[in-house]
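Following this line, the structures themselves.
Next come two complexes, and both contain subunit A; in the first it sits with subunit B, in the second with subunit C.
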Partner chain A sequence: MRSSISDYGAWLLQRIWLPLTVALIILILFAAFVALIGQSPAEVSGLLYQGGFGSAFAWQNTLLRASPLILTGLAVAIPAQAGMVMIGAEGALALGALAGAVGGIALQGAAPHVVQAGVLLAGMLCGAVWVGLSGWLRNYRGVNETISSLLFSYIGIALLNYFVEGPLKDPDSLNKPSTRPIGDNNMIGNLPGMDVHYGLLIGVLFALISWIVLTFTTSGFSLRLIGGNVRAAQMAGLRVGLWVTGAAAMGGAAAGLAGAIEVAAVQGSANASVVSGYGYTGILVAFMARQNALAVIPVAILIGGLEAAGGMLQRRLDVPDAVVLVLQGIAFVVIIASETLRGRQLFRLTPVAAKAGGAA
Partner chain B sequence: MKPIGITRPVATGAMALEILGLSKRFGDVAALDDVSLTIPAGGVHALLGENGAGKSTLVKCLVGFYRADGGTILLDGREEAIPSPRESSELGIGMVYQHFTLVPSMSVAENLVIARGSLPAILNWPAERKALQAFMETLPFSIPLDKPAGALAAGEKQKVEIIKQLYLRRRLLILDEPTSVLTPDEADEVLGYIKSLTLSGQLSVLIITHKFREVTAYADDVTVLRRGRYAGHGSVAALSVEQMADMMVGGQLSRSENTRQARKAVADQSSRLVVENLRAEGNNGLEVLAGIDLAVRPGEILGIAGVSGNGQKELVEVLIGQRQKSAGSMWVGGQPYSASRAEQLRYKVNSLPEEPLRNACVGTLSVADNMALRNYDQVPLARAGWLKRKALRQQARSYVETFRVKTTGIDAKMNTLSGGNVQRAVLARELSHAVDVLIVANPVFGLDFHAVAETHARLLAAREAGTAILLVSEDLDELLELSDRIAVMSEGRIVFATAAEQADVRLLGHYMAGGHERGETTA
Partner chain C sequence: MSKAKFSASRRRFMQTAGAAVAMTALGPLSFKQAQAAGKYTIGVVYVGSRSDYGYNQSHAEAAASLKKMPGLKVVEEEKVPETVAVQKTMEAMINEDGAKMVFATSFGYFNPHVLKMAAKYPAVHFAHCGGLWTDKDPKNISSFFGYIDECEYLSGIVAAHASKSKKLGFIAAKPIPQVLRNINAFTLGAQSIDPSITTHVIFTGDWSLPVKEAEAANSLIDQGCDVLTCHVDGPKVIVETAEKRGVYTCGYHANQASLAPKGYLTGAEWNWATPYKILTDAAVAGKAPVNFLRGGLKEGFVKMSPYGKAVSDKAKKMADGAKAGMMKGDFVIFKGPLKDNAGKVAVAEGVKLGQQDPVLEQMNYLVAGVVGKI
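Right after this comes the complex of A and B.
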């Protein structure tokens, strides 16, 4: 029951040194890349900070981007509790936007709050079904959920494109095919005193509630059992199929909600602009947050800041804003690689070759 | 069949093997203790024994996976140290495993050639093919060289595994349950081929098997191991199946009678757990439970004996909710039962599956969480869906104390505990509350002496308290010591049932070894 000094040391190593080392490696690799394209790493880092967090304007920019990232991060982190790696948030977001727009158009004439609720609910429902399908397929047909969710994602994006350019196209949207608008008076407004829409609050609330449910309720416990050891969960009598499908659907609901918010707060209608990579960046957010629903919020803000700074890099240094994508990519690979070190005794890694063997 | 590119052992033909006083210890456990056996050149020697008897330890010493602690291995009369698998194959010892080692997507020819290990950077395929063709012509049957290995039938695959050993010029072949994935006809074909190879003096064979039929049909001599020790030996022609079974389970009846404690007679009540015509499929889609009928009364331990792989594992999985049944029914206290969480709680059905860390615990969660697996959603550990962490931790502390679980704390991850303490933690969880039905499988596998005694005592205490216990075990001694009745499972059926006091070990061994008349019994 007592934790000795050495236990505390190990804990410190895990919680403090590992993340610090990881951050350092990411910075070194990124600096090397920046130097390679002929820029000063110090200057680029400074601009990244300035563009993301250096001014009130930068913060607004950052939070606008963080809002969908929180939800798409949850779309990965919630199914991960049940042991799934779902990467199909982009498609669920696209379909959530489409369903949200359809819902909004169908409710035309109702009170703005009713329309807004309809848009958001339709988006959530549609996203839930879309990702829930991957969970269902995994449990009942043995289909790998990572692959199926990615492929479903492409289908979802294609469906959005088909409908906004075909059956649901607004004849007035000439240069940018869109659905009919849900109406200016039905748009979700900004948070008081900020130039950031209410979507941020919705995302934060979704993350908080998810975290509370996952941490403090028996449902969260059941999901952890399934994520930790399916056989033990079966022995405990849990209906694994329902839980797995349900967790996938909850993740999908978050992504669908992100799409619906893009429609109700930014675009005003569903169009191809909602598919801008938030779903994929959400994977990075979830992994950096170690699939913790609460940690998704700060990580989403951090990544949102990096994305916001991309434009400034482009303007000031005349480098492509893809530099930010390179940083994200480096961070993702290093973080994933560092996961294998977690829980091991650092600095005393046993050689893998020692266990090799086998008949010729 | 001219060898290409590598040096081969100079000697050819069957190798004589002599093992003298071989011993191997793992920590305090003697896995192999002073075992000797002799195979003349061209002989077929069968190695019999229950699971954990030391067969695979012996074989692993021969192929160089383990180094023996004591004893001598003589090959063709010369003493040889076999420090690694590489030396073993250079000496001409080959091994054929229960499961296939062919690369499914590669052709038979490619599989044979890559098996050589040391290959030149560029293969001269025309020359290789010619050599292979010439080699195949020496075989009594044809295997299509260009077919992908994955497209071959199971019997053909196993033949290719054996051909591979011949191609590599192995002179002593060790077969580890080579027919367990084959149909009886395929088994006869493969073993018949091997027999012909030994008769023509190309090979000596050491075969591990559970099937007496194969021993009597194909082996010359047999050695029986029991708990790491030599338990008997003889010429197959001079031994009956009953004598071999007796050696295997080992005339322990008298000892068991002595250790059976005085116990309450089983009350003449109606059965608490009833299983009717239960059928289920294995992972490979084949039927592994072919209609099981059994019934357990309150305060009774029904032991299920059997050689591993006869459906016991799947029976337990169905009963505890890890596998779907395909037909039949389960009843607890007269009510239909499907192992759902609600039913488990209502009818107080708990379980101690084998390998608790794999089947009954979440290794990455804490000891406290694992101890709450059965009641985390019940008052007082939860109210209205909210976990009560304090109560959960309180329960864990009391379990750790009562069952003397050695752990650094209740927050330690479950997978940091030793095997015995994982078992104690699971015992605490499953037996701290009143239990009406308990499903138990190989509960002491891998545990030390104290943990074994403690586990057995807890099971007997539960029995005295009126729990109906189904105990599946591969250890006949354990069953004889604990059970009130014993049933034998073979090929997915209950083939024999008897009261434990009157159990005839020879008869049990006979039925375990598959010596039944395709009959079915109810336990």
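Right after this comes the complex of A and C.
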């Protein structure tokens, strides 16, 4: 059978068969785990579906939880195009929230749309500078960007805590130190007819634009060239330092924007509550999406759905929160492991398949 | 997790499975109706793990006491962050489980999350732990809290008797008024036994940083502190570290005696079962929510861990004496003259700040004898 498959067949096999197998393995492993803790796998799967995607309420719950994850996923996926593993989105998000709140307070009195734009831009800018620093350090100082972005992330969170508990503290926020609020009338509202704020739309647009730029423009090609082989890129005359720093900054902008949206759409002020793990979950999202900016959207929705459903599992079956984390962990490991199968002899790699599958 | 809990959850699973089958057949409406016809459903939301030997466990114990009351069904969700996640969790409890009352247990859930949901669901009763309600806020919110500094004072008395180095260690999360009040009460309790005692404070910067907490515990022990206590969400690692190093501990939030059978002296514990019962009884009876509910030892909102093996009879006698004063309601912890650790007057001579005095809610100093800076 296999010897007779065409190029198209190999492509199909790799694109369809592999993900299906991966999904099946994840489900089998998770079912085994569920059975082990004394629950029925069928019942758990049913509740997972019902809690994440089973009703209009569940869908809105899922989308709301997914919207910051799209942006933090992009914060990892965009720098990855240039071959970087940036994992500092959490700190960039924290600083984006802080900068957003500062921007919002500075613009008090202006029209709500002006304040909102100021909040979001300030957040993006701050996040871009923070993660851009890691990109710059990697290129000009040879510092490993994974380590530096993680350490910068801790510094970012510490800075947020310092400013909200010190110089920027609202004197009224006694036991929950926060900046002053940006004002109720300046908050970003919900999408028409939905209980999901505009942050979702902003995230989806950010992902779509990133995907278009990365896939169809010479900029995207340049980044991939750098990611594939820095020497070759230099030989081709690319200013690698600029591209690397720029890609890192764009990723940081996405994370900073996520933080600013948390302030403008949810919290109303910057405080320690914005540091809730979105940045770290974004790493999971980006890797599961194989660093594809478009795939980040459905993966973020899937993870958001799992989180929504995890709540229902806890409430209905009285199981600990860790059950859904186990599912996420199994999925992550199996997907990462499956990467090694991609392009292997098993799939009879042909030139067409190489073109289709080798990009990321 | 105990075996009993597992078998109970299996039984519950059978019930839920049956309900789920019925629900898929008849649609979600019938589920809500079934809920309405049967038990009064209460949701409880935790910010951390229900078995953290700390703050969240203290609430989970109260939720467990609700489960024993007839006619109630309790649904729980743990590790819910203070983001949209908690809003959606509360909404899901209301929409998907038919909850008529929700306990939001983390301090940070209040603004904006509980406020927003309470405005959106005026028929649902929201109970928040932290005492933040003001008369501008929706009337369907109950806000409850406990005066746990009374227990800190008593712990201080016990710690002073156990300490040989006369140096006590306190690991705290953030220098906010609630935390400072506990540090100060603990110190004043110890100083009531020996005025020369000092309390050495380390602020870790956040509520749950186990690695930093262990480092802080080791550092305090290296400095010569021989009784440790803390105000962080989960005192587990601190109590374990102290036990390993052979020093004493006073617990916080819940009972950590099982973690340190040798060195656990006593501890300041919440007894949330009391406010949970008061609020639930009122809600089930259809009464208007009590918006503001507080209490200390006397009202049964807080309690002391049973004394450990290392506590001397003299220490017990002194602590029980002070406790008796608190139970009568005439004991004042913060009274002048009281200086802060920079030498400034914190409470003027002749001034007595009773438990409910709002001035205490704005505490921004460490009393003399505390080594540390805000």
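The definition used in the following text is that the second predicted complex is superposed on the first by the 339 of 360 C-alpha atoms of A that agree within 3 Å, B and C clash if a C-alpha of one lies under 4 Å from a C-alpha of the other, contacts with A are read in each partner's own complex, and residues count from 1 in each chain.
Here is the rule we go by: contacts are C-beta pairs under 8 Å (C-beta built on N, C-alpha and C of every residue); 3 or more make two chains touch, one makes a residue touch a chain.
Just so you know, these numbers come straight off a predicted model, no measurement behind them.
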Partner with the higher number of touched subunit A residues, subunit C or subunit B: C
Partner chain(s) touched by A:N229 [first = subunit B, second = subunit C, both, neither]: first
Touched partner set for A:L174, first subunit B, second subunit C, both or neither: second
First, second, both or neither for A:L238, with subunit B first and subunit C second: first
Subunit B versus subunit C as contact partner of A:T218, first or second or both or neither: first
Touched partner set for A:G189, first subunit B, second subunit C, both or neither: neither
Footprint overlap on subunit A, comparing subunit B with subunit C: none
Subunit B-touching residues of subunit A, taken from the complex the two chains share: 1-3, 7, 216-222, 224-225, 228-229, 231-239, 357-360
In the complex, subunit B residues that touch subunit A: 63, 65, 85-86, 89, 95, 97, 101, 115-117, 168, 320-322, 339-345, 351, 353, 358-365, 369, 372-374, 376-377, 382, 385-387, 397, 408-410
Contact set on subunit C toward subunit A in their complex: 1, 6, 8-10, 12-13, 16-17, 20, 24, 28, 43, 49-50, 75-85, 88-89, 91-93, 95-97, 107-108, 110-112, 130, 174-178, 205-206, 361-362
Complex interface listing, subunit A residues touching subunit C: 38-40, 43, 46-47, 51, 55, 57-58, 61, 64-65, 158, 161, 165, 174-177, 262, 266-268, 271-274, 276-277, 307-308, 311-312, 314-321
